[in-house]
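We just call them A, B, C, D, E and F in the order they show up, numbering each chain from 1.
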Amino acid sequence: MSEKLINKGIRPDGRKLDEIRPLKIKAGVVDRADGSAYVEFGTTKVISAVYGPKKVHPRHMEKSKKAILKVRYNMIPFSVYDRKRPGYDKRSVEIAKVVSEALENVIFLEEFPKSAIDIDMEIIQADAGTRVAAITAASVALADAGIPMRGLISSVAAGRVEGNIVLDLTKEEEDASDAIDLPVAMLARTGEITLLQMDGDASVDEIEKIVRMTEKGCKDIEKIQGKALIEKYNANTA
Amino acid sequence: MTAKLTKDYIVNQIKRNIRGDDRKLDEMREVIIERGVSANAEGSARVKLGKTEVIAGIKMDLAEPYPDSQDRGVLTSSAEFLPLAAPEFEAGRPGEVEVELGRVVDRGIREAEVIDFKKLCIVEGEKVWRVFMDIVVINHDGNLMDASGLAAMTAILDAKMPTIDKDYKIDYNKREKPLPLTTIALPITVMKCGNKLIIDTTADEEEAIDTRLTVTTNESGNISSMQKGGPGGFTVEEVVEICKIAGKKTDELIKKHFKSKKK
Amino acid sequence: MSEKLINKGIRPDGRKLDEIRPLKIKAGVVDRADGSAYVEFGTTKVISAVYGPKKVHPRHMEKSKKAILKVRYNMIPFSVYDRKRPGYDKRSVEIAKVVSEALENVIFLEEFPKSAIDIDMEIIQADAGTRVAAITAASVALADAGIPMRGLISSVAAGRVEGNIVLDLTKEEEDASDAIDLPVAMLARTGEITLLQMDGDASVDEIEKIVRMTEKGCKDIEKIQGKALIEKYNANTA
Amino acid sequence: MTAKLTKDYIVNQIKRNIRGDDRKLDEMREVIIERGVSANAEGSARVKLGKTEVIAGIKMDLAEPYPDSQDRGVLTSSAEFLPLAAPEFEAGRPGEVEVELGRVVDRGIREAEVIDFKKLCIVEGEKVWRVFMDIVVINHDGNLMDASGLAAMTAILDAKMPTIDKDYKIDYNKREKPLPLTTIALPITVMKCGNKLIIDTTADEEEAIDTRLTVTTNESGNISSMQKGGPGGFTVEEVVEICKIAGKKTDELIKKHFKSKKK
Amino acid sequence: MSEKLINKGIRPDGRKLDEIRPLKIKAGVVDRADGSAYVEFGTTKVISAVYGPKKVHPRHMEKSKKAILKVRYNMIPFSVYDRKRPGYDKRSVEIAKVVSEALENVIFLEEFPKSAIDIDMEIIQADAGTRVAAITAASVALADAGIPMRGLISSVAAGRVEGNIVLDLTKEEEDASDAIDLPVAMLARTGEITLLQMDGDASVDEIEKIVRMTEKGCKDIEKIQGKALIEKYNANTA
Amino acid sequence: MTAKLTKDYIVNQIKRNIRGDDRKLDEMREVIIERGVSANAEGSARVKLGKTEVIAGIKMDLAEPYPDSQDRGVLTSSAEFLPLAAPEFEAGRPGEVEVELGRVVDRGIREAEVIDFKKLCIVEGEKVWRVFMDIVVINHDGNLMDASGLAAMTAILDAKMPTIDKDYKIDYNKREKPLPLTTIALPITVMKCGNKLIIDTTADEEEAIDTRLTVTTNESGNISSMQKGGPGGFTVEEVVEICKIAGKKTDELIKKHFKSKKK
């Protein structure tokens, strides 16, 4: 246990401190959906799909001047070591709420009054950073569905491991005794932070450095998101 | 999904042995089977039947045996239509269609004794392995029953049991032996349209025709489970013919995709 | 345990292989209901009642061209050795679904657009064949309610016990090591099979013999169902 | 059910001591009690009060005692209006009327110490008998409270305890001794209509009048439970008079239908 | 244990047999509510608030000729020694029902057709007599909300302890081996009993004495309720 | 509550540094903290921020530790908007706002290691103290997050642990030692309106502006939890400024209302 995880700025999986895990994104993976995306963020795997704009059900939830977002975040039962029982859990409710708020102002909801846009994010394999992988996927799925947005939302966590400020922690790194984890979602084009959570014990200085590092990460991710959308577009028109 | 055809048109075409995707009535869509979709599961599989896509996973832990089978492991199953799989699917307590799907796949595996549950007993009457078999539907383009059965069976074949130490603490990072199996069993669903029988229906076809019989057959050609669904009826002769079709198709699938587990 | 249950074609309760258990049916047992029936199938006891055609609630479930069927199957808490907790269970949901589908095409639902027909089946004592007893009762209750049907649905299970093909298994027989159980519901008038389930391990040949045996059983049952309805009618007009 | 009379008509008739079925205000309908309706229950009973029909059953298993009564058995009750019993009954979580029904019957039995719970202790603080008392309503033609109490009491009297072996395994096929009892207790519900008191109301009558007091009395004439229901009110004098009516009617029912359990 | 609780008509806390515990009532404690009250009945503490008359939701519960009452009774998790899990429990459902029926005829519901009046009673500290404290609070909250009533409903329990008929039992007294507890709610102005429950084992004679004693208690309580309303009125107009 | 002002008016006034109750943008309402509101709780507190009123309580019992922290006590939290606290609150399963409130307060306390959970272990791997932290909202006039965090922290400071005998039976009447604590931590929520930052918002203000960042800071000035809420966004600079505001306000609150627990 006294062995260090990070030596000379190189992490257990060979990454540099400010490097994200290998990120694969594929748009258009669910045939029935209006838009969808599959994301592998390291070994974390997520599928997200978007339906809508469509009618609101039940009707009384309808808003006269804009679309409502209905967001679900769910871990499938065998995505984790200790099987997750299907059904309601508070962690998923909270994540769905903060993801919904991270996307709300970025989508031009006012273009679709009295409508609903449904976003489903399903975690297939949960290793670390499930919520940031889920938002990254949802954002691509929204674009794939042709929903007009002010830009792509990108998402990544940064944090502290053995005193180092690092980008995109693995599960192993999250278990370091001094670890803190700060997931962020960002309109990468403008740097506007639309999701931010944090657990741990950090000084304001550290928080600042960590948040700045997520900025770099989100810009890297945005490029890969954009590429995935272009690939999908090219495949469709080929 | 193909453009929406009218129900009547689909029915009339089937009566003339014609399907929207040019298949024969007894022809399956392309079957793609992929193992190991979630490394945190003991076993998992993704199955595509044309555009239908289902994944299944096996998780294991320790539990008490049931009072009436003290020396046998336990199987617990669920099936969920993820909301992302079709516009009509919603989150919430599983509806009757999901419940039926999960139970029919479960019974096919259980009654065929695919898993040798006696070998999953650790301390009789006290501690046995519990096997969770969970099915999630990723894209719904018809025939969820057969896709789910195929995914579940593949996940079982893919599974490696975690190890336990002397205090019965489970180590999920050290998975060694495969699950003890005795056979392979798969469901085949045959639908009825007039006097025609048709397999591996798409979502469009299932909008037009809805009476079906699902038959699970094992490697020896024996049937372990049957389930009729939908409002219509069958004659005895049709039931027998469907059993034969199911046996033949199961045999083809097993030969093409699996190694025998027969003992 | 080496003792055989069936000797020279005679079963533990003295029945022949193709004989059903004693079957008692009484129509019109629930005063408030539009139709009802009580069935004793061996020692299995069921009450079923029908309400409707009536308004659909909630309204959005209504169908414009036909009535909807709302079927409930339930075991009362003390109907089984191990007390059944009241409330939702998956087995009951599945049985209600297959029973609903067994009855759907037999009822002239198109005569009652925008209506609902409610069928409740309550297991009072569960020994074997609860679902076939329940369907047999529901069918009589529908007729008693005056719901127009293409004929009576009759229901029975057949199966294999110690290599014998037998009709209407008891709990003792269901526990035989080679037992298989195949419940069927049938429009007895035409032989059309509207419910069929099976658990076990059987060859196609055996399945054929078993299904054929249910045909004989359903015809026997249909007679007793008819008699019960005539008795009710006579009692009413007496 | 009789043709629907207007509420006002029913009320006016009651004020003139006239009921739709020609009974007196303090007259019960015919009481039919049948034991042993489900052989899988330890005890069961069907009760008819006119067209109202209720069945009750007793099941038993082993459980831990409550922390504050380590040497006493446990009683758990439920009441359910089966959807078949009335057009207005629906499946789902028990509504407030069912909850109240189950709890009032439960308290009547519990507070009268009908069952000698000390004798249901097997190992103090560890293992006691748990008694499940479940009530289901089969046909609702009024006065469900009294019909349910009568059915529950009869099921208790009908019950035979299953036996246990030295490992505390229950054998439900070998039921031997009756439940240890100390008394019999029954609820009687009296409704108020103007200044008239009326018992054993039908569903029609309960549409017209709705204020009631249910009083459970035991063999010694002592009261173990009371519950006022409905929007109206009672004077102290009315409460006392109702207690007396309940005592008298309970006494008549016990004498007619049961053997004394007094100790 | 052979020590007696009550000696020469004096109870453990120094009260006489027909004396209620110290009762503090404060009206108007919840700023957002239309009416509210805080009650300390001995060491039992309750807050109640009233909203309405207001629109009925869902609409189909609306009554055309009068307002409906929606009553909730709830114990907060830390009001009792053994933490109460939040959510549905049968005891609370039953109490809400009997409280609703105790108030129904006293409120002029027919003045507010198609409306709802919501009453929430929350037990903060549960020692004895939670339901009578809750009704006492709800009644003041209704008056504070300006809901027209035929009078104030007052509520108290009486019972038997060691053969004595006593008013307003404490938890210690409720645990006496011969204890019986009889909560009553009353329109104190007329003596009309609108709630009455009882658990125990008592003769009709004893019941009569106990009920008569609650009459005295309710009249005492009504005075304190009235005073609390006047104080609130004076504070508002001061 | 003040008369309803239009949202636009409120926003415009805030942009001019003017609030409805004449406070500065970074000024809290009057804080009233009262301990011991329910004697049956191990600890409890009532907090008023202006008209907002929240109570929190601590209950304790014994439980098994979590598998991954065998030598540590357990914390379980809930938050409920009592229906009496606002016209829009309804009974039922906690909505997403309640869930978030409970989880944010929980994480702030947990991650700051306010409670020294190692000292709540009784028998490693078998028996530890479980701490229930329950929050109920009594009157909602905005800034429920900070009021709840302050109430929860005060209830923890107020708590006295019940004693246990050698059989691990809990005696709630004999409460002796305080909970073992290492620090104090409080959440401060800063909302954003245009380029203005504002704290301790009222319900009216929250109708008009809705983007917020909640930061929990401990006695050392370190941050243990952050949570952004609402549809808008923040720049990195704003995040840093908010952290500083939260640190300053927390420090003021701790100095004014609490004794240090730092170790």
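The working rule: a contact is a pair of C-beta atoms (placed from the backbone, for glycine too) under 8 Å apart; a residue touches a chain by one contact, two chains touch by 3 or more.
Remember, it's a predicted structure, so these values are computed and weren't measured experimentally.
Chemist: When every step has to jump to a touching chain, what is the lowest number of steps that links chain C to chain D?
Modeler: 1
Chemist: Treat each pair of touching chains as one step and give the shortest count from chain B to chain C.
Modeler: Steps on the shortest route: 1.
Chemist: If you match contact pairs by residue number, which of A-B, A-F or B-C shares over half of them with C-D?
Modeler: Overlap exceeds half of the contact pairs only for A-B.
Chemist: Using the average of all C-alpha atoms in each chain as its centre, how far is it in Å between chain C and chain E?
Modeler: Centre-to-centre distance between chain C and chain E: 52 Å.
Chemist: How far is the middle of chain C from the middle of chain F, if each middle is the mean of its Cα atoms, in Å?
Modeler: 58
Chemist: When the centre of a chain is set as the mean of its C-alpha atoms, what distance in Å lies between chain D and chain F?
Modeler: Averaging C-alpha atoms per chain gives centres 48 Å apart.
Chemist: If you average the CA atoms of chain E and of chain F, how far apart do the two points sit, in angstrom?
Modeler: Chain E and chain F have C-alpha centres separated by 32 Å.
Chemist: Could you pull out the residues of chain C that touch at least 2 other chains?
Modeler: There are none in chain C.
Chemist: Which parts of chain F, given as residue numbers and ranges, touch two or more other chains?
Modeler: Answer for chain F, listing residues that touch two or more other chains: 93-94.
Chemist: How would you write out the ring of chains in order, opening with chain A and then chain B?
Modeler: A, B, C, D, E, F
Chemist: Mind pulling up the chain E residues that touch chain D in the complex?
Modeler: Touch residues, chain E against chain D: 88, 90-91, 93-94, 96-98, 101, 104-105, 182, 187, 191-204, 207-208, 211-212, 215.
Chemist: Can you list the chain F residues touching chain E in their complex?
Modeler: Within the complex, chain F contacts chain E at residues 1, 37-41, 44, 51, 53, 55, 57-59, 61, 78, 80, 82-87, 91, 93-94, 132, 134, 136, 138-141, 172, 203.
Chemist: Quick check: in the complex, which residue numbers of chain A touch chain B?
Modeler: Within the complex, chain A contacts chain B at residues 30-33, 36, 43, 45, 47-49, 51, 54, 72, 74, 76-83, 86-87, 118, 120, 122, 124-127.
Chemist: Any idea which chain B residues touch chain C in the complex?
Modeler: Those in contact with chain C are residues 93-94, 96-97, 99-100, 102-103, 107, 111-113, 213, 218, 221-236, 239-240, 243-244, 247.
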